[in-house]
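One structure, as structure tokens, below. Some questions next.
Labels run A, B, C and D following the written order; every chain starts at residue 1.
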Amino acid sequence: TTTGIVGSAAAGSASAETLADVPAREPGADLGALSARSTYVQIGRIPEAGPGRRNVDPADAINSKAPLQKLVGAITPSDLHYERSHSGAPDLDPSKHRLLVHGMVRKQLVFSVEDLKAMPAISRMAFLECTGNGWENWKKADGNLTVQNTHGLVSTSEWTGVPLKFILGLVEKETAATWMLAEGGDAAGVARSIPLTPEIVDEAIIAYGQNGEPIRPAHGFPIRLILPGMEGNLNIKWLRRLKFGDQPWMTRWETARYTQLLANGKARQFQLRMETNSVITQPSGTMQIRPGYNRISGLAWSGHGRIARVEISTDGAKTWQDAQLNLPALPKAQTRFQMDWIWDGRPTKIVSRSTDDKGNVQPDRDSFIATMGTNALFHYNAQQTWSIDQAGGVQNVLS
Amino acid sequence: TTTGIVGSAAAGSASAETLADVPAREPGADLGALSARSTYVQIGRIPEAGPGRRNVDPADAINSKAPLQKLVGAITPSDLHYERSHSGAPDLDPSKHRLLVHGMVRKQLVFSVEDLKAMPAISRMAFLECTGNGWENWKKADGNLTVQNTHGLVSTSEWTGVPLKFILGLVEKETAATWMLAEGGDAAGVARSIPLTPEIVDEAIIAYGQNGEPIRPAHGFPIRLILPGMEGNLNIKWLRRLKFGDQPWMTRWETARYTQLLANGKARQFQLRMETNSVITQPSGTMQIRPGYNRISGLAWSGHGRIARVEISTDGAKTWQDAQLNLPALPKAQTRFQMDWIWDGRPTKIVSRSTDDKGNVQPDRDSFIATMGTNALFHYNAQQTWSIDQAGGVQNVLS
Amino acid sequence: SDFGRPATPDEIALWDIDVRPDGKGLPRGSGTVARGKQIFAENCAACHGDNGVGGIKDRLAGGQGTLASATPVKTVGSFWPYATTLFDYIHRAMPYQAPGSLSVDDTYAVAAYILSLNGILPAEGQLDNHSLPDIRMPNRDGFIPEPEFSGSRK
Amino acid sequence: SDFGRPATPDEIALWDIDVRPDGKGLPRGSGTVARGKQIFAENCAACHGDNGVGGIKDRLAGGQGTLASATPVKTVGSFWPYATTLFDYIHRAMPYQAPGSLSVDDTYAVAAYILSLNGILPAEGQLDNHSLPDIRMPNRDGFIPEPEFSGSRK
């Protein structure tokens, strides 16, 4: 167990009794090309293979979860951004990579990565969230899960690239083209049909930059699609083809996968938007808190827009108080929230609930399950409850 | 030379003739704890020893410059953030690190890193800039410099930590205390006197997080001071002491260093604010452009506040056009700007000029030198001019 | 334009692998269930098990009638709405370690075999670019399109 | 309070190394230029050169009268406004590889020696916590405080 109120990557607890015990100042490492992490910081993602399949051989991992309990602020460092790859992460040679844009367009064009980097660009903060985020808690809540296990498939970056709109202008998309197939250069050739709503046309980016630097191979180097607010797997990595058409292609990833099976056996399809969500990251699962002052902190996000409000309950969803938001809250980006709390030492439960600027409120688990059943597998955004026992131990519970 | 319009970290130029030459899709690397950079990306800082002393032994380096020509957006990845260290970068044990707060306060207190992480926190984007940024161009302009050489001592991060104001409340600072000494735990024990203006009291942060993760040793792990908009070396790294008093201590770093020698032999002292600045990063020194369409892109920042406007001249500062700003432009953070440009193939010069929301305009070099002389060494914020020769070669020039 | 270059029909054809429910995009070709059984044993069974069940990777057959239960089993037979998706997916992504290594005819054959494992084609059945889009999958009507994103849908 | 713990006077004294222009913070002690010459040769000359000039690191003497020229030479003697800063800096930061290794008396001595190299103290001079703040450095009036940040200045 780590210390809840610290919720940090820094190891251990304070061990210098007086200032006399603090090590003497001494010269440090030479300056170099890159600043390495401290050797005192243990921080990393956890590769997993699906709900409940956690300590797997890396070769069997299908995703790798971000250490939310060790992160602060809103940005996720690029090397800690969650990963979901369907056939590993290829390191493509950018000089040989191409983007083919064809189908219902007047000009079928091939772009090199250099072509794209020469175009007008835009940068924006946006979260990406795997459609499967939260999937550990559909049916039961394992008490020994961390927030990395329950919610580690969401991250926030500054993405830079070419507005899709600029490409649409170059290829002269036909008006009748209402769908776009985006396909990756990975072995799986992951492909998704994307409805060309005004919002998607306005906000989609063909990105080559993440947090200032070239996107890393695990996240789509040299280029990927970014569709702010939409489910992670729509944001096609290693993008190499955009095809325009007038109906969806019904690829495996929008039929067999990433559809939500309801209790009646029917499945919701093209539920593309990531819903209003939040989670308390400090304190969270497997941490330990002490009676007295505790700072509660966490992350909220919504595929609809900006986070407008986060409420916290420290009595198991009976009463709620407004948390303080770290401003500015940017649209479709994670927003950090916090609240002071004096724990009286009695067992209780803590929960967060977010509301976005369109008025969407994150549902409690019971109403959520009443709508979605327990087999949907994707798009879980019910409120996350952490129970706190008499000894201050924090545990994952359903509600 | 690299290709100007690309301005990217991706190697080489396009080398697949047709789509048939693009390598076949194949399975990639296993998912892991960290996402590595592409092996096709060469990106790193350059350690240097002072104006004109560039290819030095790492042991002699006093700073390391960020690769602005390879960065996009506004955020600098933490491992590429510029570094200025006076005695190397110590990797301090956070469990043994302490912050002593004393002097003119009612309660002299010692805080552990855990104490600080448990307090209410704030996150904000802010640039840091070494006081010496730009110092290559005081007296002459070497034609073979990149923008990394001329302007690589500025970077932008999301910083997370405790508002100084919260600490002031805990220690009950005396009203008469108008200055604060901040001291580092590095071998040099770098120490600066900080005037407690309302702005500084409101905005100062005792930070432990950079871009979501623990600050790295080169940047002050486990804690550093962040004073948005103020000169880099005030933002004391490895912070271990804050002492309150009623006058400045006149440390070596605010007398012998980081004062600006004017032409008349007098030196400006406590010129703490980093001024309104900007630089074109694409195309920039040593790049190569082609006639026709070129995108001009760069970064602007001001210690006064928000960037309100950036103008670009493509005719050597004769006429100016408004560049497009990437919004939202955040206060005291770098803002990306861009402009389309059709180069007619004739030799010319390109320049950028920023204006902040307080109305401060980045000065042209002549008026700047008229005020500051050529011996000031620090606080260079004159407009940066790049000349373009007939062959499209981009070179550093004075104006 | 300053950006990109025109794509030639030949190179587009190389990459244009997608297949729609109406059969658009299907390459000319055909394969029998019998041939597919052989292909499957050689190229697929190691991961998906004999008969597409009990392998170390995704189960490909069975599960019909389980979708509304507490433990739904989603397979090609029980869940997939379109047979065209099966061709598209195998063609682009399988076998896992060497996608694209099967010929078009062998891809029809192995798709036919997986459909037969699910009782959708008979053991002596076959599949080609004409018959494939006509197959009506058992769960064809099992999906509720999201209203927000169905406006542009035909 | 929930945060931190009171600092004891003893431990504050260990860390409280800063020195102000008025001498506040100077520890009791003294040293002669002669002793300082010896200390310097043993601990400093390798980097700063014999007599504080011509070393691989910062030059410590000379340069007076150059500040308004095209090639100003900024040293302790030509540029530094306060002698207290010299004690403070050597005490906290020098010798570079082992700051804090000199005794207080030796620090006074080596500061005295550097001042003598700059003609500010005579060869037979000495320095202690009383005399140090009284030294008037040649460039004492060479600084123009920034108006914005001088309001709180005494």
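Quick note on the criterion: contacts are C-beta pairs under 8 Å (C-beta built on N, C-alpha and C of every residue); 3 or more make two chains touch, one makes a residue touch a chain.
Predicted model only: the values in this text are computed from it and were never measured.
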item: Mean-CA-position distance for chain B and chain A (Å); value: 29
item: Computed distance of Cα centres, chain D from chain A, in Å; value: 53
item: Gap in Å, rounded to a whole number, between the CA centres of chain D and chain C; value: 79
item: Shared interface positions of chain B, touching two or more other chains; value: 19, 25-27, 87, 100, 110, 112, 115, 118-119, 187, 189, 240, 293
item: Residue numbers of chain D (touch at least two other chains); value: 2, 7, 11-12, 15, 96-97, 99
item: Chain-level touch network, classified as line, ring, star, complete or other; value: other
item: In contact (per the touch rule at the top): chain pairs; value: A-B, A-C, A-D, B-C, B-D
item: In the complex with chain B, residue positions of chain C that touch it; value: 2, 7-8, 10-12, 14-15, 96-100
item: Complex interface listing, chain C residues touching chain A; value: 1-7, 11-12, 15-21, 67-68, 70, 72, 74, 76, 79-82, 84-85, 88-89, 92-93, 96-97, 99, 142-146, 148-154
item: Of chain B, residues touching chain D in the complex; value: 86-87, 100-102, 107-112, 115, 118-119, 170, 178-179, 181, 183, 187-189, 191, 195-197, 240-241, 243, 245-252, 255-256, 259, 261-273, 374-375
item: Partner chain B, residues of chain A touching it in the complex; value: 3, 5-16, 19, 21-23, 25-41, 43-47, 58-59, 61-64, 70-81, 83, 85, 87-98, 100, 110, 112-115, 117-124, 158-160, 185-187, 189, 208-209, 211-214, 216-219, 221-222, 240, 293-295, 297, 324, 326, 328, 330, 336, 338, 340
item: Contact set on chain B toward chain C in their complex; value: 18-20, 24-27, 292-293
